[in-house]
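Dropping the structures in below, format is C-alpha cells.
Look for chain A in each of the two complexes below; its partner is chain B in the first and chain C in the second.
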Partner chain A sequence: MAFLELHEVVKSFGRNTVVRGLSLNVDKGEFVSLLGGSGCGKTTTLRMIAGFETPTDGSILVGGKDVSRVPPNRRNLGMVFQNYALFPNMSVRRNIGFGLRIAGKHGAEVERRVDEMLELIHMEEFAQRYPHQLSGGQQQRVALARAIAIQPQALLLDEPLSALDAKIRVRLRDDIRAIQQKLGITTIYVTHDQEEALSISDRVAVMREGLIEQIGAPFEIYNRPATPYVAAFIGTQNLLGATVIDPAAGIVSVEGQSLEAGHPLDAKVGEELRLRVRPEALSLGRSGPNRLGGRVASQKLLGSIVRLVVRVGDTEVFMDGFNDPLLKLPAVGEAVTLSFSPEACTFAEPGAEPIAAAALEDEEETP
Partner chain B sequence: MKKRSRKAFSWLWFMIGILYFFIPLLSSFLFSLRGKKGVLSFVAYQHVFADPQFLKTFSFSLEMAIFTVIVGLALIVPTAIWVHLRVPKAKPILDVFALLPFVIPPVILAFGLIRSYSRPPLALVQTPALLVAGYVIVAFPYIYRSVDAGLRAMDLRGLTEAAQSLGSGWLSTIFRVILPNLRTALLSAVFLTFAIVIGELTLAVLLAWPAFGPYMALVGRNLAYEPAALAILSFALTWGSIAIIQAVSRGTPGGRSNLGGTH
Partner chain C sequence: MLVPASSILVGSFQDSAGKFTFLNFAHLFAPNILDSYSITIQVSATTALLGGVLGFLIAYAITLGGLPKPLRSFMSTFSGVASNFAGVPLAFAFIATLGRMGLLTVLLRTVFGINLYDQGFNLYSFWGLSLTYTYFQIPLMVLIIEPALDGMKKEWREASENLGASPLQYWLRVGIPVLLPSLLAAFILLFGNAFGAYATAYSLTGGFINLVPILIGAQIRGNVLHDQSLGYALAFGMVIVMAVSIVVYTWLQRLSSRWVKQ
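So, the complex of A and B:
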C-alpha cells in the first residue's frame, strides 16, 4: 500500500471544479512532482494534502489513515511556500525551532535539532539573523529547514523556487533533492517548470484541467509521452503533416519524402497524420534511416544548445545540437539533410495537438 | 537649481506644519506660566496639583481608557483577523461600521445608551461598564483602522498557514505569530484610544461620571491660568503613558528594538 494516497479527489469552488477526481499513490521516500500550467489544479491538490482546503469529494490517506477532514495543524506535514512565509518577528533560529516548541519539546532538545537543521542547510552563521536580513534563496533554505525540523510524515513544496533567480533556482533545487534523499522523506513538489520537475523527481505527474494526464519517471514522461497533450507540453516537438503510404510497413510521406515509422500504422492508405519528432532526435547528415532534405532558414543559439531551423517544403523543422566550439554550422540558405531513427517518431491524429510547437517556444524557460 | 528649490519648498511646508501644531501648544504653555503678575511661575500648576479633583478625575479617566483598550482590542483584533482570513467579503460591512461613530454624534449615542440600558434586564446606566461600552464604540474606528492596516502590511494568510502546518493551533498562531507582527499597529491603536478617552467630554457628562474631560471643562469655565496648565499637563500625561506602553512592550519576547514589525 502506498504511503500517501489520493482517491478520486474532487475540489469545487462554487461552480468551478478545479480538481476532477484525481487519484495518486506516492510511496514512502518517493519524490513526486505535480507539473502543469496555471489553473491545472496542482496547487489546489497540494493544499488539500496539506489540509488548507477540504476535498469536495474523495479521500486523502497518509500512512493508511484518512486525513481528509483533519485540520492542517494535526497532519504533521511540512510545507514550503512560494513566498517563504517566514515569521518576520523571529530570528532564523526561532523560525526553525517554532514547530518543535509548539510540539512542547524542551529547550535543549529544540536547540540541538535546530543546530542539526542549520548544518543541513549550511547556514550556521545566520542563526541570529532576521528574515528581512536574508536573501530570497537563504530565506527559502530556512523555510525548508523549518518544515523538516518537525520530522514531518511528508514534505510539501508549492513552487518553492519561482520567486528566485535562475542560478539560485538550479542550485537550491539540487540542494532540495540532496536533502530529500538524505532524509528519505516523502515529497510532493508542485511546479510549472518542466526542467525543474524532470531534473529532481522520482516521478512526474503531468496535470491538466484537474486530472493527471500521465505519471511516470522523468525519462518515461519525456521519451514516451502517453497523450498528445503531454507530448506537446513537455519539451519541444516538431509537428509534421504525414500522409500514410503503406500502413503495414509503416511508411509515410512528409513533404513528398518517404519516412519509416518503424512499426505498422493503424491507419488507411492516404490518411493524413501528424508525425512528432523532437529537435534533439534529429541530426545533420545521412546517419539515420529517415532523411529529410531542406534548406537552413535560421540559427538560434540557446546557450549550450544550437537550434537550426530548416525549411522542409512548407514546414519549419527544428534541429537541436550541442554547442561545440569546433562545430561548423551550415550557412543560412544552404541545403542540408536531417536524419533520425524510426523510434524517434510518434504519430497523432491531425488536429489532436492542443498546443502548437511554435507556441511552446514561449513557454519554455531556459535558465 | 530646480531640484534645490523643490527641496526648499518641501522644507517650507514642513515648517508650516510644525508651526501649525506647536504655536498653540507653546502659547498655552507660556500663558499657563503667568499665574503671578509680572513673573513667569508654575503657580498655576501648583494649584492644579493641589486640587484633589484633578488626580481623582484623571485616574478615573485613565482607568476607563485601560478598560476601553482591553475590551476594544479583545473585540476588534480577533474580528479583523477572522474577516481578513475567512470572510473577506464582509470587509465592506466593517468599513461602514467604522464610519458610524463619526456620523452619529456622541450626544445621540449617549441618549441611545441611556434609553436602552436604564431599565431591566440591562440596567447598566449606574455602572461604568456602560461608559466603557460607549468609549469602545467611539474608539472603534481608530482601533479597527490601525489593526486593519497592520494586517494588510503582513502576509497574514501565508504566515497563518505556515504556523498551522508546523502544528500550531489558532490560539498559538494568534499569540505567537500574528500579534507580535501587529505590534506597531496595536501600539497606535492603544495610543489613539488613550488620547480619545482621556479628553472625552460628551459621554462622560451625559452619563454623569467624574471624568477628566468634564473636570477640564469645569475648570476652564471658572479659572484663567489653570485650564492652560491642565491642557499642557494632560498632553504630557498622555504622551507619558504612551511612552510607558512603548517601553514595556519593547521588552516582550518577539518584540524587536525597531518598530518595523513587518518586512
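So, the complex of A and C:
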C-alpha cells in the first residue's frame, strides 16, 4: 500500500472546479513532482494534502489514515512555500526551532536538532541572522530546514525555486534532492518548470485541467509521452504533416520525401498523420535511414545547445546539437540534409495539436 | 514648528510684565492643575486603548477577515471622513443622540423603559467624553493600522499552522510581535490625537471636565481669571508629556523591532 494516497479528489471553488477526481499513490521515500501550467490544479492539490484546502470530494490518506478533514496543524507535514514565508521577527535559529518548540520539546533538544539542521543546509554561521539579512536562496534553505526539523511524515514543496536566480535554482534543486535522499523523506514537489521536475524526481505527474495526464519516471515521460498533450508540453517537438504511403511497411511521405516509421502504421493509404520528432534526435548528414533535405533558415544559440532552424518545404524543423567550439555550422541559406532513426518518430492524429505551435511555445515558461 | 514651540518655551518663563520668572511653573503644581493633567492623560490613554483595540479589530476584519471587497473600500472612505469629524459638530451629534433629551436616550426610555441616566450613564462625564472621543479614535486606528495588516503574509500563518501551531500560538509568536512596532506607533498617535483635542471636549462638557487644553483656553481667552503666562506654562507641560511619551515609544519601538529592516 502506498504511503500517501489521493482517491478521486475533487476541489471546487464555487462553480469553478479546479481538481476533477485526481488519484495519486506515492510510496514512502518517493519524490514525485506535480508538473503543469498555471491553473492545472497542481498547487491546489498540494494545498489539499497540506490541509489548507478541504477536498470537495474524495479522500487523502497518509500512512493509511484518512486526513481529509484533519486541520493542517495536526497533519505533521512539512511545507515549503514559494516566497519562503520565514517569520520575520525570528532569527534563523528560532525559525528552524519554531515547530519543535510548538511541539513542546525542551530547550536542549531543540538546540541540538536546530544545530543538525543548520549543518544539513550548511548555514551554521548564519544562525543568528534575521530573514531580511539573507539572500533568497539562503532563506529558502532555512525554510527547508524549518520544514524538516519537525521530522514530518512528508515534505511538500510549492514552487520553491520560482523566485530565485537561474544559477541558484539549479544548485538548490540538487541540494533539495540530496537532502531528500539522505533523509529518505516522501516528497511532493509542485513546479511549472519541466527541467526541474525531470531532473530531481523519481516520478513526474504531468497535470492538465485538474487531472493527471500521465505519471511516470522522467525518462518515460520524456521519451514515451502517453498523450499528445504531454508530448507537446514536455520538451520540444517537431510536428510534421505526413501522408501514409504504405501502412504495413510503415512508410510515410513528408514534404514529398519518403520516411520510415520503423513499425506498421494503423492507418489507411493516403491518410494524413502528424509525425513528431524531437530536435535532439536529428543530426546533420546522411547517417540515419530517415533523411529530410532543406535549407538553413536561422541559427539560435541556447547556451550549451545550438538550434538550427531548417526549412523543409513549408515546415520549419528544429535540430539541436551540442555547442562544440570546433563545430562548423552550415551558413544560413545553405542546403543541408537532416537524418534521424525510425525509432525517434511517433505519430498522432492530425488536428490533435497545432502544427509547430507546441514546438515554438515550449521555451516559454508559464508564469 | 520651531517658532511656536520656542515662543511657548519663552512665554512660560515670563510674567505678565515680561520679566523672567519660575512662578508659572510653580503654579503648575497646584492641585487643580495636576488633576487636570491627570484627567487629560487618563482620557487620552483610555480612548487610545479603546479606539486602538476596536479599530484594530475592524481593520483586521476588512483586511484579513475575508469580508467582501466593496465593504473594505467603504470602511476606508468612511474612516477617512469620521477620523476628521471632531469638535462642535461631533459634540452636538452626541448630545443629540445620547444627551439627556437625545434621540437614543429618549427612545430607550420610552420604548424599552431603560433610563440611561438612572443607570449611571452621563454624557458629560469622563466616560461620556471618552465615548465621544472613540468616535474619531476608532476610524483613525483603522486608517493607520490597515497598511500594517496588509503587510502580514498569508504564508506566515500557513507556515505556522503547518508547523503545528494553533491560531493563538501564531498570534502570540508571530502576528503580534510582527505588528507590535506598528501598534505602538498607532497608540502614540491616538494618544496625542486625544491629548490635544479641545473643541470636542469644550463644546460637550462646557469646561465641566477640566482638560488641560480647556484650561489653556481659559487662560488665553481673556475672561476675568485669565493668566496668559500660566497658559504658556500649561502648554509647555503638554509638550513635556508628549515628549516623554515619544521617548518611551522610541525605546519600546527599538525593543520590539530589532528584526526590522534598517
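Keep in mind that, in the parts below, the second predicted complex is superposed on the first by the 353 of 367 C-alpha atoms of A that agree within 3 Å, B and C clash if a C-alpha of one lies under 4 Å from a C-alpha of the other, contacts with A are read in each partner's own complex, and residues count from 1 in each chain.
In the analysis below, contacts are C-beta pairs under 8 Å (C-beta built on N, C-alpha and C of every residue); 3 or more make two chains touch, one makes a residue touch a chain.
In this text, all values refer to a predicted model and were calculated from it rather than measured experimentally.
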Inset, instruction - Return fit or clash for chain B versus chain C, each positioned on chain A through the superposition. - result: clash
Inset, instruction - Determine, under the contact definition given at the top, whether A:72 touches first (chain B), second (chain C), both, or neither. - result: both
Legend entry - Touched partner set for A:134, first chain B, second chain C, both or neither: neither
Legend entry - First, second, both or neither for A:24, with chain B first and chain C second: neither
Legend entry - Touching partner for A:345 - first (chain B), second (chain C), both, neither: neither
Legend entry - First, second, both or neither for A:150, with chain B first and chain C second: both
Inset, instruction - Look at A:103 in the shared chain and tell me whether it touches chain B only, chain C only, both, or neither; answer first, second, both or neither. - result: both
Legend entry - Common interface residues of chain A - those touching chain B in one complex and chain C in the other: 50-52, 71-79, 81, 83, 85-90, 98-99, 102-103, 130-132, 143, 146-147, 150
Legend entry - Parts of chain B lying in touch with chain A, wherever the complex brings them together: 154-155, 158-159, 161-169, 172, 176-177, 180-181, 183, 254-256, 261-263
Inset, instruction - Can you check the complex and tell me which residues of chain A touch chain C? - result: 50-52, 71-79, 81, 83, 85-91, 98-99, 102-103, 130-132, 143, 146-147, 150
Legend entry - Footprint of chain A on chain C - complex, ascending: 153, 155-156, 158-166, 169, 173-174, 177-178, 258-261
Legend entry - Residues of chain A defined as touching chain B within the complex: 50-52, 71-79, 81, 83, 85-90, 98-99, 102-103, 130-132, 143, 146-147, 150, 156
